[in-house]
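What follows is chain A paired twice: with chain B in the first complex and chain C in the second.
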Partner chain A sequence: MRERKIKLVLVLTGSIFMLLFCLAPFLYMISASLSSNQYFLSTQGFFEITLENYRAILTAPSLHFIDYLRNSLIVSSATAVLTIFVASLAAYCVTRLAMPGKIFILFSVLAVSMFPQISLISYLFKFMAGLGWVNTYAALILPYIAWTLPLSLWILVSYFMQIPQDLDKAALIDGCSRWQILRKVIFPVAAPGIISTTLLAFIFAFNEFMFALMLTTDYHARTIPVGIALFQGLHGQTPWGNIMAASTFSTLPLVILTLVFQRRIIQGLTRGALKG
Partner chain B sequence: MKGYNRKEIKESSLFLLPLLLFVSAFILIPVIGTMIDSTFLDVAFLKKRFSGLDNYRWMIRSPGFWQSVRFTLLFVMVSVPLEMILGLIFALLLNEPTPARGILRASVLVPWAIPAAVSARTWELIYNYNYGLANFVWRKLGFSAEPINWLGSEFGAFASLVIADTWKTTPFVAIILLAGISAIPGELHSQAKVDGASLFQRFAKITLPLIKPALMVALIFRTIDALRIFDIIYVLTRGGPGGATTSLSLYGYNYFLIGDFGYGSAVSAVLFGVALMLSIAYMKIGRFGEELK
Partner chain C sequence: MSTRGSVFAAQDVHLETRDNEFFVLLGPSGCGKSTVLNLIAGLEKPTGGEIWFDGKLVASADRNVSLNPKERNVAMVFQSYALYPHLSVFDNIAFPLRIGKENESTIRESVNRVASRLSIEHLLNAKPAELSGGQRQRVAIGRAIVRHPAVFLLDEPLSNLDAQLRAATRAELKSLQRELEITTVYVTHDQVEAMSLGNRIALLRDGRVEQIGTAEELYNRPANTFVARFIGSPPMNLLESHFIIENAMPAVVIGEQRVESVESSGFRPLAPDQYILGIRPEHIYIEEHERAGSFKSELLAVEPLGREMLLQVRIENQDATVLTAERKFARATAGAILNLRFNLGEAHLFEKTGAQKRVLSPSNTGIA
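Our next item is the complex of A and B:
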């Protein structure tokens, strides 16, 4: 059949283009990190594999890569855990409890998630500077929680809505408090949703750039995105090998995590944007 | 109040309190603070004083402001349609039950997972004049022997940013649209096929109309996101050459950086106003929360 042939050709060329498009920059990042020189694609270039770049970023304290990585892991994990805690309390209320104006709150929170970050940073900077918190973990974690809450709330609401209300009612009759119901009934049943939301909150916090740029000044609190963006060589020339090794080393775990949980992440992203 | 009991309202408030505290303290109050600051002459080391709409007057007379408005709008108008079209193609491919579907699904998430500021560093190397991947491919394809000055020329810098942003954000569009496409019942297509509709007719008459809500959601999400573009510009061009790629976010940021908080706040307030209008449109279109009522 002619139509099937046309479709086959379209799908085949499309898939090849899509694979190249999505993976080429990432594979280029990895190859540049493994190359002994950065000129390997120039006309007189040659490619020679070495782990020297990785050794440099992992052992040279002056590059502070380990510091950035540690800061990112601490800030993102703390953000993810606290966001889920706050968001699930609110999601429970929105889906289970009667209260005037809760729909309005849900909408307002959604609108908040679309604010440009630039409209917050000068005030946040003054606020944190006033407390003497600039360049501390708290200066990042607190705004990050607020920043990742809207998405987390919307995803959790869509998961909580699917849990039958009868479960709550039975537990209420058994004398459980609302808090106990959330912990002992909702959390276990909604575990897949909680996991995907935690992951998304972690990735959002890990990827954040502008707050971290404005609210950190050096390696004591600076995170991976800012650390790598501002990574400069000591001798004028950009150390591309080191930068690419740092990029690969810090994003490879993220990419693997994403691939392992791809179904959950796709589900979470869709639920955050389109209603359940 | 009818239908509400006091105990439940009290409990509800407790459950909502942490959320409201965080959002107020770190988002709402900062935005209001920015609005107020925009009516002050607020420059580091000078005495802060009320100046009414002076910052806004300076802004509309500043060529730099209009240059960044022009760039930001042009960037949105070029990159968002490109991301939508490519995202739609990717979503259609992801929906095909081919043996490659698993690997396609995995690879589409790779650009999304890597922080924009980090992948922008890779793009910086890709666009390197002497040994970057872009000029290597350009040479191999035989377009011209002369390498392209990607980041140094006005047009090159614009194209570079559009490509890097498209790479990073198309996956998001594809995932949103995939949800819309996979919700279309298969019988619709097989029935139309029996009636003799071609592949393209079925796409135009069945798929496109049915995924309209998903298309609108992706379109508005992407538009708001592209309007506030910052990370990749900060890394790739820092607004250059000669301010040609300074987005509104970067324009405002540059004023914060030199300590002019009043003027920077006025720029931020304008961007905020535009984003707010778009997100209200978004919620009207999405008709969210209907099933909660």
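Our next item is the complex of A and C:
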């Protein structure tokens, strides 16, 4: 009995600590975003709840927050969709088709993703400048695809490997073409994996900072992380309230996406394909 | 016929099925029977040889022809059932029709017809995960027979069912096949399944055909010792023996003991040599007393099988089994000496060397 109690206390303490550790910055961010005090970091003045910061970022045209948000959503969605399209075709090939050097392909893809971003950035900038693509969506989407593809491919390969090969054979016998197998069998069965991988690619692209910083110059293509980071230089002072409101606001798409797809992600759809 | 890696999974396999025949490919695991099935289905390409459906060439390595499964119009039931987990039972059965772009009312009609034939109407809205093994099996069969395939292929469809269900499904499959009148190729490693289902059986080993024939032919006239051991349960005894002619009388000698039997006169055309004597456990009788022509053997163990008992015995340092229905042996102790008599009229002789081919057996010697 005593032992159980001690165990419970330890588990609870551990969990609370973990929660606080992870969520404290968020709480701080949210409370700062709701504060009317421009000098939130100073100890003077009262804490007064206001939505002024949110109104400012959503309406003030000089901040371009809405532009940043739109850019981010477009770039991240395009990246996620294209990445998953390519990655799932590749994963299907790697797991299903007799192809020489499969492992070599998988590992070289992994090796490519090991380059630090910073080592690529100068050449990438020259390349995009040469194409005249700096400050366009394409300048971000293409490197993002290259950057998220290895991880997506590896995750999808592991998902596709769990799908029994007999399903492909059954679909072939039932008259499917390879393309139909992918569309009618593999995709639906691997849906949880595909959705969570899409989400992951989206989050990666949404949060990416360095490429976006180097390859964009203004609100036409600049994404949220860079946009928010550059809020500060704008008027000489650091608008903490605006920054925090913008940060809070920009986590919303991720939270909403995760909540919407939560059930699909958790669902184990492969159950029951084979004998129980 | 096909290479897997650099290993030939099946070669020199020449099979011809007859119209509406229930043809069984039998063999131990790894003998290439599933490869042959995949080749017929079009899931694998042959590296040599040809496959014909009626008058239609569906695969040929030399002529570089390989129709895909769709063009061959084959249906297949897998050992794992391979149901689509994201689709309901109805949609699973309807799947091949939908791919074939049938109209929706035809699909509904066909699926309902098949479902009622297999008594799974009440399951049409369930997902495969909610079904028992036997029910999944039925759905898999339903998906295969819902269209009218040219060939019906079954890859060990019963091995995941428990023994009772297996026997019931076996009987049902047989009547279903007779009713549908579709040429069927059935792969199994279970000789009981093969014997009870197949019009004809091809026994494979290491990618080669050992014998093709009806269950009766394989049982009564095994082509070699492999077939002899594989078909029938408990398996046939194979005993090393000498065939001699003494005083113009033929006799079979095992170790130091001799079978003197007038019945063995049928062996006369054989040259005296070493042979392997094949005799089924039910064709060895136990004599009360030692007499001419009986064999002494030592009892090793008794296995009760219910109606009968299987006695493990040792004859001249060779192990053998004897099947008996006499209850008194249930309490016999190991080490007891039994007097055995062989019914040589039911025995087979195999060459001692080479392929161990059958050289004589009752049906072609007339010594029964």
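Just so it is clear, the second predicted complex is superposed on the first by the 233 of 276 C-alpha atoms of A that agree within 3 Å, B and C clash if a C-alpha of one lies under 4 Å from a C-alpha of the other, contacts with A are read in each partner's own complex, and residues count from 1 in each chain.
Convention: contacts are C-beta pairs under 8 Å (C-beta built on N, C-alpha and C of every residue); 3 or more make two chains touch, one makes a residue touch a chain.
Note that this is a predicted model, so its numbers are computed, not measured.
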Inset, instruction - Would you sort A:244 into first (chain B), second (chain C), both or neither based on which partner it touches? - result: first
Inset, instruction - Between chain B and chain C, pick out the one touching the greater number of residues of chain A. - result: B
Inset, instruction - Mind working out whether A:262 is in touch with chain B, chain C, both or neither, as first, second, both or neither? - result: first
Inset, instruction - Examine A:123 and indicate which partner it touches, taking first as chain B and second as chain C; both and neither are also allowed. - result: first
Legend entry - chain B versus chain C as contact partner of A:32, first or second or both or neither: first
Legend entry - Contact residues of chain A, present in both the chain B and the chain C interface: 269-270, 273-276
Legend entry - Interfacial residue positions of chain C with respect to chain A in the complex: 41-43, 68-70, 74-76, 78-87, 95-96, 99-100, 127-133, 136, 143, 160
Inset, instruction - Flag every residue of chain B that touches chain A in the complex, lowest number first. - result: 1, 3-5, 8-9, 11-13, 15-16, 18-20, 22-23, 25-31, 33-34, 37, 86, 89-90, 92-93, 96, 98, 100, 103-123, 125-126, 130-133, 136, 167, 170-172, 175-176, 178-180, 198-199, 213-214, 217-218, 221, 224, 227-228, 230-231, 234-235, 248-249, 252-253, 256, 261, 264-265, 267-269, 271-272, 275-276, 278-280, 282-283, 286, 288-293
Legend entry - Residues of chain A touching chain B in the complex: 3, 6-7, 11, 14-15, 18-19, 21-26, 28-29, 32, 38-42, 45, 85-87, 89-90, 92-95, 97-100, 102-103, 105-107, 109-112, 114-127, 142-143, 145-147, 149-150, 153, 157, 161, 178, 203, 206-207, 209-210, 213-214, 224-226, 228-229, 231, 240, 243-244, 247, 250-251, 254-255, 257-259, 262, 265-266, 269-270, 273-276
Legend entry - Partner chain C, residues of chain A touching it in the complex: 164, 166-167, 169-176, 180, 184-185, 188-189, 191, 269-276
